[in-house]
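Read from first to last, the chains carry the letters A, B and C; within each, the first residue is number 1.
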Amino acid sequence: MAVDENLKIEMGKQGVFVTTLQELYNWGRRSSVWPMNFGLACCAIEMIATTMARYDLARFGAEVFRPSPRQADLMIISGTVTKKMAPQVVRLYNQMGEPRYVIAMGACAISGGPFKQGYNVLKGIDRYIPVDVHIPGCPPRPEALLDAFITLQKKIDAQSLTGENRPRHLNPEGQGEFPVPEQGEHDLEPPSNTLVWPAPMVIR
Amino acid sequence: MITPILARQEGWNRQPEIVPDGEGELLEVAMGPHHPSTHGVFRMDVTLDGERIIKLKPVFGYLHRNHEQLGETMSYLAIMPYTDRLDYFSSLSNNWGYALAVEKLAGIQVPERAEYLRVILAELTRIQNHASSVGFLIQDMGASGTPLMYAFKEREKILDLFESLTGSRMMCNYMRFGGCRVDTTAEWLNQARKVVAGIPAFADEFEALLTTNEILMARTQGTGILRPDLAVNAGITGPLLRASGVNYDIRKVDRYGIYDRFDFKVPLGEHGDVYDRFMLRLLELRQSVRILEQALKDIPEGPIMDPKSKIRGFRPKPGEAYGRIEAPKGELGFYVISDGTGNPYRYRVRPPSFVNLTILEDMCLGQNVADVVLILGSIDIVLGEVDR
Amino acid sequence: MKTIEEIKAAIEAAVPGAGVEIINNPSPSAQHSLLLQRETALAVAQFLRDDAELAFDYLSNVTGVDWLDKEIVEKVKVKKTVTKTVDGVEQQVEETVDETRKRVEPGYLETVYHLYSMAKKHGPLILRLRTANRTDQVELPSFTPIWRSAEFQEREIFDLYGIVYTGHPDLRRILMWEGFKDHPMRKDYVEPDDFEYEPTAHDAVAKRAQEHQAKVAAAQNGGAA
């Protein structure tokens, strides 16, 4: 139940702070997104630059890079995911606790990018795991990563605790484990997780 | 410094195996591919006897992006932006290496001003690469954050220069066969002079941060020693080789570009340990400042492209060429075979970090497991280049 | 540094029966190379490294190259005796006729080595080694015992081209995963079809995209029916 904005301001003036559980909960979650300390390729360098003094990711409460997936809320796929690396990425994602989010940073993580034609390059990580925010660019500038953070925070804010729109961890039917692809003799098996990524039909 | 290799026994170029002392069990640990301190996605299968390392096998390929195969399917010019993504810390040196190989293949001359620009950009690249690599090294040692922030502060200044000249912070795609893509302005050069003037102060500050730190010295001195004869035989190049005392700098040996015009020294290490490697990087950084000062003073006016060289529809005659430069990490070579069409028949990159890793196991044997990360950091690898 | 001819002579003097051949490089770089025989390659390499004057102590670069079978079409002039009617009289006339002939030059896999000398600061010297064919006789001697720097580079070529280096201490796949079956850098490698959309396709990429579309469409029609 939402509180009337004006009433809230009025009461704030009297020193009474009114909120809903949902707002409080989402405020807490969005202000302390802990990313995983995990870099894949060139984009990772821009990710590091974002955490440094000039761009200062700490302003968004996300400077605590955790080396362990179990302590992290956010996975920034920063770089090319190769077919050799893809099973590990999915495994790391499985090891993260809910609620968890994924930012696909850069052209490579989205679609394979400049290396799309390569035999060992996965054509987008969203073939195996769900992605919340895509950032285009090669590499995306640190500002773009900050923008992605803000987008993610808005997304977290908009999640309600009940109903259709609730986050996966509050949904008992939500999918927890994602199948890890196997490295076959010629390619990954299966080539994509059809539940997450139905192969698009291209209209020409 | 190099002792003659004559009359050596079989297997001299390999560290002897370490025999476990038989107490307790051996432990096998896989470090990586996602490991907090590894530089990118790289795995090491380590066998431990207590704390001591008795076997270490690096596992690569987690970033194998088919660079060479893609190069064979596209035109000579289209490869240029891909070379940026090899060693993504120093895209401009990569550009130069590739341009140099193709210029050799097609017999193209580069105008004066372009040569000066290349030197300026390559040396700026070297400075930011060495600064951040030393920063990362200390980060690996556990000094989380602060030293790296110092390094990145300086790096950002240089990246701003790159951005205003080439349009991109990291992926500059600036050099062309026979010159450079866009000309600079006087303001840019002035700005560059200002940045370069600030670097010695940064180097002093950074050095003071390190040389007075007792923990750092205790951990790095005597760690991961590399013998010079072994280093030569294993094809080690760059700061890693020079830290072992071998005087081999391609800028001096090949005198490619216009490096013979500048007055600079090649610093050499004495012990070949981790400490030497990273002091050597700081010394090299200061030499780069010297080169930059001279280049920024002497840069002439003039064209930046050879008018005869073709950018589009570039088809060199059949043949092959190997061009190499002294990249910040070592010898970066490009080997191109042309069959007369618009695509190279074979395009090969000789990555310095990949070859430098040959020696990782030898340096780690008998060391403590905590030092592995340090030794790896002192090689200064970038996975984009190792796996290509 | 000695010229390539002098190096060839030095090798032949030191290693009897070396059978070294100079491969000319017509490009302006003028980096000519020496083709070694598989049997004597190790001895030659040892000599190049240990000779006091040459002292090629540093092996910089090891490259694999795949040369496919080449079909060579040549025009040959052939003399033929033809029966012709000249001025109403049948005669046997000698005539030169153009004929096109095809011949297949067998392909091979090649390894190219770039050597430098750190002690003498000269180079490069380029060595080549060729396998007998591309399919079953793909062994070459490994240079790893002589120059350690070949260790990973030869492993990479084994992985991507399938050249088997005899005498290599640890010949495993290096870039692709264990269990991968193909050699992807070979010119006739067929990539897995896992490719769906390309915004600015042209040439080979456009063809691949079209083929993929056709396959998907066929599968969908088949599935619907």
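Here, contacts are C-beta pairs under 8 Å (C-beta built on N, C-alpha and C of every residue); 3 or more make two chains touch, one makes a residue touch a chain.
Everything quoted here is computed from the prediction, not taken from an experiment.
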{"item": "Dominant chain pairing [most C-beta pairs in contact]", "value": "B-C"}
{"item": "Chain closest to the assembly centre - both centres taken as Cα means", "value": "B"}
{"item": "Interchain centroid distance [CA atoms averaged], chain A/chain B, Å", "value": "32"}
{"item": "Interchain centroid distance [CA atoms averaged], chain A/chain C, Å", "value": "46"}
{"item": "Between chain C and chain B, distance of the C-alpha-averaged centres to the nearest whole Å", "value": "29"}
{"item": "Where chain A touches two or more other chains, by residue", "value": "84, 117, 119-120"}
{"item": "Multi-partner residues of chain B (each touching 2 or more other chains)", "value": "61, 64, 66, 69, 73, 387"}
{"item": "In chain C, residues with contacts to at least two other chains", "value": "175-177, 184"}
{"item": "Chain A residues within the chain B interface of the complex", "value": "37-42, 44-46, 48-49, 52-54, 67, 79-80, 82, 84-85, 88, 92, 114-115, 117-121, 138-139, 141"}
{"item": "Chain C residues touching chain A - in the complex, by the definition given at the top", "value": "175-177, 179-182, 184, 189, 191-192, 194-198, 205, 213, 216, 220"}
{"item": "Chain B residues within the chain C interface of the complex", "value": "2, 4-6, 10-11, 13-14, 60-61, 64, 66, 68-69, 73, 104-107, 230, 232-236, 246, 248, 253, 316-322, 324, 331, 333, 335, 337-338, 345-346, 348, 350, 354-355, 357-359, 387"}
{"item": "Touching residues (chain side chain C, partner chain B) in the complex", "value": "25-29, 31, 49-50, 52, 57-61, 63, 65, 112, 114, 118-119, 121, 124, 126, 145, 147-153, 173-177, 184-185, 204"}
{"item": "Touch list for chain A against partner chain C, complex", "value": "83-84, 116-117, 119-120, 123, 183-188, 191-192, 199-202, 204"}
